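Two complexes are shown next, each including chain A; its partner changes from chain B in the first to chain C in the second.
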Partner chain A sequence: MDFHTEALVVGGGATGAGIARDLVMRGVETIMVEKGDLAAGATGRCHGLLHSGGRYAVKDPESAVECILENKIIKEIAPKAVEDTGGLFVALPEDDEAYMDRFVSACFRIGIETVNLTLSQARRMEPNLSEEASVIIRVPDAAVDPFMLTVMNARDAEIRGAKIMRYCELVGIVVERGRVSAALVRDNLSGETHRIRTRYIINATGGWAAKVARMGGAMINMTLSKGSLLVFNRRINNCVINRLRPPGDGDIIVPNEPTSIIGTTSITVKDPEDFRVTDGEVEMMMREAGLMLPESAEARVIRAYAGIRPLAAPETGSGRDASRTFTIIDHKTKNDVAGFLSIIGGKLTTYRLMAEKITDIIADDLGISIPCKTASTPILEPGNERHYSLGDRFGSIEIVQEDKPSRVEEIVCECELVTKREIVSVVKDTGTKDLNDIRVRTRVGMGSCQGGFCTYRLLGILHELDMVPDYEANEILIDFLEGRWKGIRPILWGDQLREEQLIEGIYMGIFALDKVAMRSGAKKGRSK
Partner chain B sequence: MAVVRRDIHYPADQCIKCTICVEHCPVIKVTDKFLGPKQVGPDFQRFRSENDDPHDVSVDYCTGCRICDVVCPSGVNISELNIRSKIAVREKEGIPIRDTLLSHAYMFGQIASFTAPAANAFLKFRPFRWLSDKMLHLEKSLRYPFYQRESFEKWIRSYTFKSERKVAYFYGCFTNYNDPSVGKAVVKVLEKNGIQAVFPRQECCGLPLLGNGNVREARKLARRNLAGLLSAVDDGYDIIYSSTSCGMMIRDDYITYLDLYEAEPLFDRMKEVSEYLWELHEKNELNTDFIEVPMTMAYHIPCHLRSLGIGFPAINLMNLIPGLTVRELGTYCCGMAGTYGFKSDKYEITRAIGQELARQLAKTDGIYAASDCEACRMQIENMSTKKAVHPIKALLWAYGIEPVGGV
Partner chain C sequence: MNYDVVVIGAGLSGLMAAVAAASKKKRVLVVARGMGIITIFTGSIDVFGYWPIDEAKPLTSPLSGIQRLVRKDPEHPYTKVGIDAIKKGIGAFVEAAGKGGVQYVGDLSGNILIPTAVGTVKPTCLVSSSMAGGDMKSERNVLICGFSGLKDFYPDYMAHNISTFEMEGLKLPRFRARTLNVDVGDRTSGLNCLTLAGRLEDQGLLRAMTEEVYGHLRTGERVAFPAVLGIRNSRDIHKKVEQACGVPIFETPTLPPSVPGYRLYKSLEDTLREMGVHMLIGYDVYNPKTFGRRIGEISIAMGKREKRVSGRAFILATGGLVGKGITGSYDRLKESIFDLPVAAPKKRTDWFRKRLFDPAGHPINRAGIVVDDHLRPINKKGEPVYDNLLACGTQLFGFDALREKSGGGVAVSSGYKAGVEASRM
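Showing the complex of A and B:
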């Protein structure tokens, strides 16, 4: 099929969706293509932290300034995706005192509001905080749902006229007389190839940016840095907890829905899909978490995952030294390919600013004088109400029960309290039969049992809706459960090990899924 | 902002979602108004925070039988999570008058036993029951327990047996006001073994208050009970109880729910009456001079006896009696669950849970059915034609103190 547009955004992460929204808001006709689901790359694999900028205040003030400005903006324009938890920077006795002074004065210069707390004040907010904490400083950090933020941006762009094409992978770029003229895109679901004629191609593909640039005959020098994270079974902290020291590994714990997430690491990798979490990383993070929240050592960990940071800087020893600000590359000046721009680096917190800057360039080129309004226009209004509190999810399930005792909400995922109605509505809205699409939109399968029980129910629902032919059922099950298994494998101890024994019993003993012959030849991790 | 619980070793982490508790829950089997022990317990617990308003609705349908705790292979204190969330809801929303009345039944005991014939007639009076159902949602079709003219407390005054060997006896308010014959039987059986009962100062154990979410008042009663019970322990006495629910409340819940850590020394000294007698037997100290009691006795195990974790000593004891055949019914919760069954919105559930008990009772010979718990005995009589008795009565008959069937 042939499409025609002014701008083609490649990549459906927070940045891509933000760019698509900004472009249509300025009257530029836009298509966004994403090879998988929205937020499937670095966006969906990040920490979910809306930085106050405190982390970068001392070493990377440029990035810190961006963070604090954007922090305030995102809280205003996307309150539904933000849980305004606040954050603490915590120094332990072994930490460098000189750094603490530098931290406070840097925050002051940059405009990050800080409040010094006594240990007893802090422990009222954060009862699990270490008694060893010597300096505690409050900053305006918050937790953000990266997936929701991306989906909201994409949906808003769509309503304003953009075309969002999921599961459409860029396979080629046509350059004519030194300017991009079209892109070839393969629909990964149907196998069909589309041709999209366009004046601009914006490469917002994160870790895949170099690969995409090459398709257009351009080069990008960038570093891929893997960051690993661990998910606790429940909230062990109320606000974001940062270690007050120069940015290092395992020094941030972010509350996220009913869980807490500790991260990260920084390991240079070659492949943007190298998501393996090593034993060493797990041990280090558990040790570091224990220093700030001593009892976390006993808390159950349900999952490990990793994301790939596309850093703008060339390789320099450690990825921690690279600036967290972003770079826009206009391939016209660098590689003589006009209409082709790449954006790399940056953070989830600054996605909107990144979108603004790159859209400015295109608007300028097109002679459009409409200024950027994304900083003051709430995303998806109305329908962008306050972030729900932790209890609201089961509150809503229970209230429905009380009002209509005859029609009980059927809970599909008992750990994350996802109802059948929610699942059906996602399936009907998106037309997806990919369990991961349903997972990221509802949190199904993301709780204590990691899908060990609800996946089978989920498949039953897809069956009921005539979405899945019989011969595909096993593969969908296996694919999803193997995906979950990858994240469980690195943290197999204690309660999660007992859990996994049971889940494996169901997987192998009841459903014999390890004996199923896969048509696609996908690897099965569980079978020995 | 959410506030997390301080204790991080928290039981929700241990739950591996095996769902064994749901399989055994008597309530979820018969109604979908209760989401089940796992959902309401460890599952919801991940979403609860201390300064968030409590959201629980369906936990009100938990009977508090605690079978979930007994069967959990992961050691999760499911019922505690449920009871605590019930308490949180009640603390925010207040306790309905009906539940306040039910949980203060001990207060009416004194007046009602003084005016027993009138009070009983009144409780039977149809217009009164209709009215209390309409106004207070107290189930009208259920038999209320009758009050006795002479409370057990009053009877104690005529108790003159003296012995060197003594044991303290916590009889509980049901025995005191509604069925003093149980207390009398306990005392007479002890006497046959040369043991004198002493009676520490006592009031309602507080379980009905706790079950209805009133921690503050439960704690008041508990403190007063503890004064008496702890001084009995100081005097070197074991403490026996004939109501399994009272025993569980005092032995376990004073610490768990009421934070009364001074109750700790009681743990090893509290003994269910059959447990106490069986221990005597194991030491060859039980008087087994029994006469033949030719009958079949159905026996229903109370949930709170299971929860105590002391086995089923009443069965052992009854098996010592020549001629007596014990038929353990194999039933779980009877459905009455203390004050639960008196609430009209729960009545259907109570009946439905009780069906299995009714079936088993109907299949069993004999006219007597024993159970250590007064609520179970009420339900046995509601659901069958059998006469419900405390197992101690079998010993009363075996010792020939009373003729078979007598109290």
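Showing the complex of A and C:
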């Protein structure tokens, strides 16, 4: 099929969705393509931290300024995706005292509000905090749901007229007389190839940016930096906890819904899909978490995952030294390809600013004088909606039951209290059959058992709705379990090992899927 | 308290050990924290489904498979138990479960092929009479009935998938699905199989369900249900529904909690009480007192009330990782009560293979306690750690219960053998 548009955004992460929204808000006709599901790259594999900028205040003040400004804006325009937890910077006795003074004065200069807390004040907010903590400083960090933020931006853009094409992968860029004229896009579900005629192509593909640039005959110098994270089965901290020292590994713990997440590492990699978490990384993060929150040693780790940061930096030194600010490359000036722009670097916290800056260039080129309004326009909902908590969810489920005892809400996912009705409505609204689509929209399967129990139920419900092709369901289940395995294998010890053995018992012992996997593995030639 | 045989653990192997020891007229105590993993799994007894484990075609006969195995694999629990004890153990199991009210069908000479809730077909050796009608060697078509509101069984899923299932030499009948609309009552937080099974003991509900099923039936069909047809009265209920429908009906195992597993536990418990065995469930066991190579006493406690128990022989049947007989710290596996040596790959990163579904199975699944031919745990030198301690069941080293489909058979036969050995001490 052929499409025609003014601007084609490539990449459905937070940045791409933010750009699509900004473009349509300024009256630019827009299509966004994403090769998989929304937020499937670095966005969905990040820490879910809305930075106050404190982390970068000393070494990377430019990035810190961007963070604190955007921190305030995101809290205003997307309250539903933000849990305003606040954050603490915590120094332990072995940490450098000189850094603490530099930290406070840098925050002051940049405009990041800090409050010094005594240990007893801090432990009232954060009972699990180590008694060893010597200096504690409060900052306006927050937790943000990267899936929801991206889905909200994409949906808002769609309502305003953008076309969002998921599972559509860019496979070619047509350049005519030094200017992009069209893109070739393959629908990964149907296999069909579309031609999209466009004046601009905006490359917001994160780790894949260099590859996409090459399709248009352009070059990008960038470094890929892997950051690994571990998810705890329960929420062991109330606010974001940062180690008060120069940014290093394993020194931030972010509360995320009913879980806590520790990260990160920074390892230079070649492949944007190198998501392996090593045993060394796991060991280091467990040790670091224990120093700030001794309670973490008692908690179960339910998953390990990694994301790839697309850093705008030459390949020297460690990824930690690279600035976390972003870079826009206009390939007209660098590579003589007009209408082709790439954006790399940056952070989830600054996605909106990144979108604003790149949209400014296109608007300017098109002679549009409408200013950017994304900093003051709430996404989707008027700004009165509050972030949800598990407790609130339970309350709302009970109320429904009192009103209509005959239409009780069945809970499908016990870990995250997701009801059958929510799943059915996502399936009906979006027409999706994809487990991951449903997962990011409802949090089904994201809790302690990591989908071990509810994925079977989810597939059962899809069958009830006649939404799964007959021949695929058990293969979908097997692929899901193999994908889940990658995140679980590095962290199997203690109770999590026990739970995993139970889940293996269900799928191999009760359901006997192992022999089906052998057969489908042989069919797909992936047996080794 | 003083006993001839003290069995620690009330899963399938512990209960069978108690059956064997009690039938030798010994004074037997079963002490356990809970029911073990018996209520997680299907209630049917998998003896030997696949061997070697990466074989795609199921064994026709568990017995001939085991006969080949014992010649090749000296480490396997079946080799240690021996063919004779395996045969006797299976016989004792069928008898003990039958006495407690659950009839088992099948024998060691042939595997039964039963359908699962995800639409695969699984070889197993013994099934309760409530599942016997599901044998896939029968060509009778199947109507699968699920329940609206039951969150752990989806008839459409099962029917759709089984229509594409392939197994060498097996021609499957046709399957179709219906979700029953009969009002099964409050669904707060979703209904699991055990709750529904309790409700179906109500005559009115059962009648309404049966009428609805009858309305959907076509000529020549049999009916599959999730395993929810009653708990204590399941035999009556099965008979009633079968008579009212006029066709064979059968139960299909699905996600835990497992109703057939629970029925099996209850039947063995009844038989053991009848045999005069003392059962203490809900107790922690710890602090064994040893004299050289003998165990003299253990402490047991429920809450703060601690008791000492002495015995001539002790049988460890506390299960593997799921049953908590073995626990895994960051880099080591540990036996929970006697700190017996656990054989496992040294490095945590070697416990698992890269792919979950690797046909060779994960090394950790074979981890466990190494025993001699009398089922006494042994140390690295091959000597018994204690002269009067025996181990049985899932916690034994050297087999992959999940991929071989051998968990039930190893539990039954090694439990039986441990009970017999203990009676001689």
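In this section, the second predicted complex is superposed on the first by the 512 of 528 C-alpha atoms of A that agree within 3 Å, B and C clash if a C-alpha of one lies under 4 Å from a C-alpha of the other, contacts with A are read in each partner's own complex, and residues count from 1 in each chain.
Heads up, the rule we're going with is that contacts are C-beta pairs under 8 Å (C-beta built on N, C-alpha and C of every residue); 3 or more make two chains touch, one makes a residue touch a chain.
Please read all numbers here as calculations on a predicted model, not as lab measurements.
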- So, does A:E176 touch the first partner chain B, the second partner chain C, both, or neither? neither
Return first, second, both or neither, reflecting whether A:D2 touches chain B, chain C, both chains, or no partner chain. neither
- Thinking of the overlay built on chain A, is A:R498 touched by chain B (first), by chain C (second), by both, or by neither? both
> For A:E94, is the partner it touches chain B (first), chain C (second), both, or none of the two (neither)?
Replying inline: neither
So, does A:P127 touch the first partner chain B, the second partner chain C, both, or neither?
first
| message | Quick check for you: in the superposed arrangement, does A:P258 touch first (chain B), second (chain C), both or neither? | response | first
Chain B versus chain C as contact partner of A:Y456, first or second or both or neither: second
Is A:I411 in contact with chain B, with chain C, with both, or with neither (first, second, both, neither)?
-> both
Contacts of chain A common to chain B and chain C in the A-superposed view 401, 408, 411, 414, 453, 498, 502
The residues of chain A that touch chain B in their complex are 85-86, 125, 127-128, 233-239, 255, 258-259, 295-296, 298-300, 389-395, 398-399, 401-402, 405, 408, 411, 414-415, 417, 447-449, 452-453, 495, 498-499, 502
Residue set of chain C touching chain A in the complex reads 37, 40-42, 46, 50, 54, 56, 116-122, 149, 151-154, 156-157, 160-161, 163-167, 179, 186-191, 253-256, 320-322, 324, 327-331, 348-349, 351-352, 354-357, 359, 362, 365, 401-403, 405, 407
Per the touch rule, the chain A residues reaching chain C in their complex are 279, 286, 401, 408, 410-412, 414, 420, 453, 456-457, 459-461, 463-464, 466, 468, 470-471, 473-474, 477-478, 481-482, 484-485, 489, 492-494, 497-498, 501-502, 504-506, 508-519, 521, 527
Chain B contacts chain A in the complex at 1-6, 8-10, 12-19, 32-33, 35, 38-39, 43-49, 52-58, 74
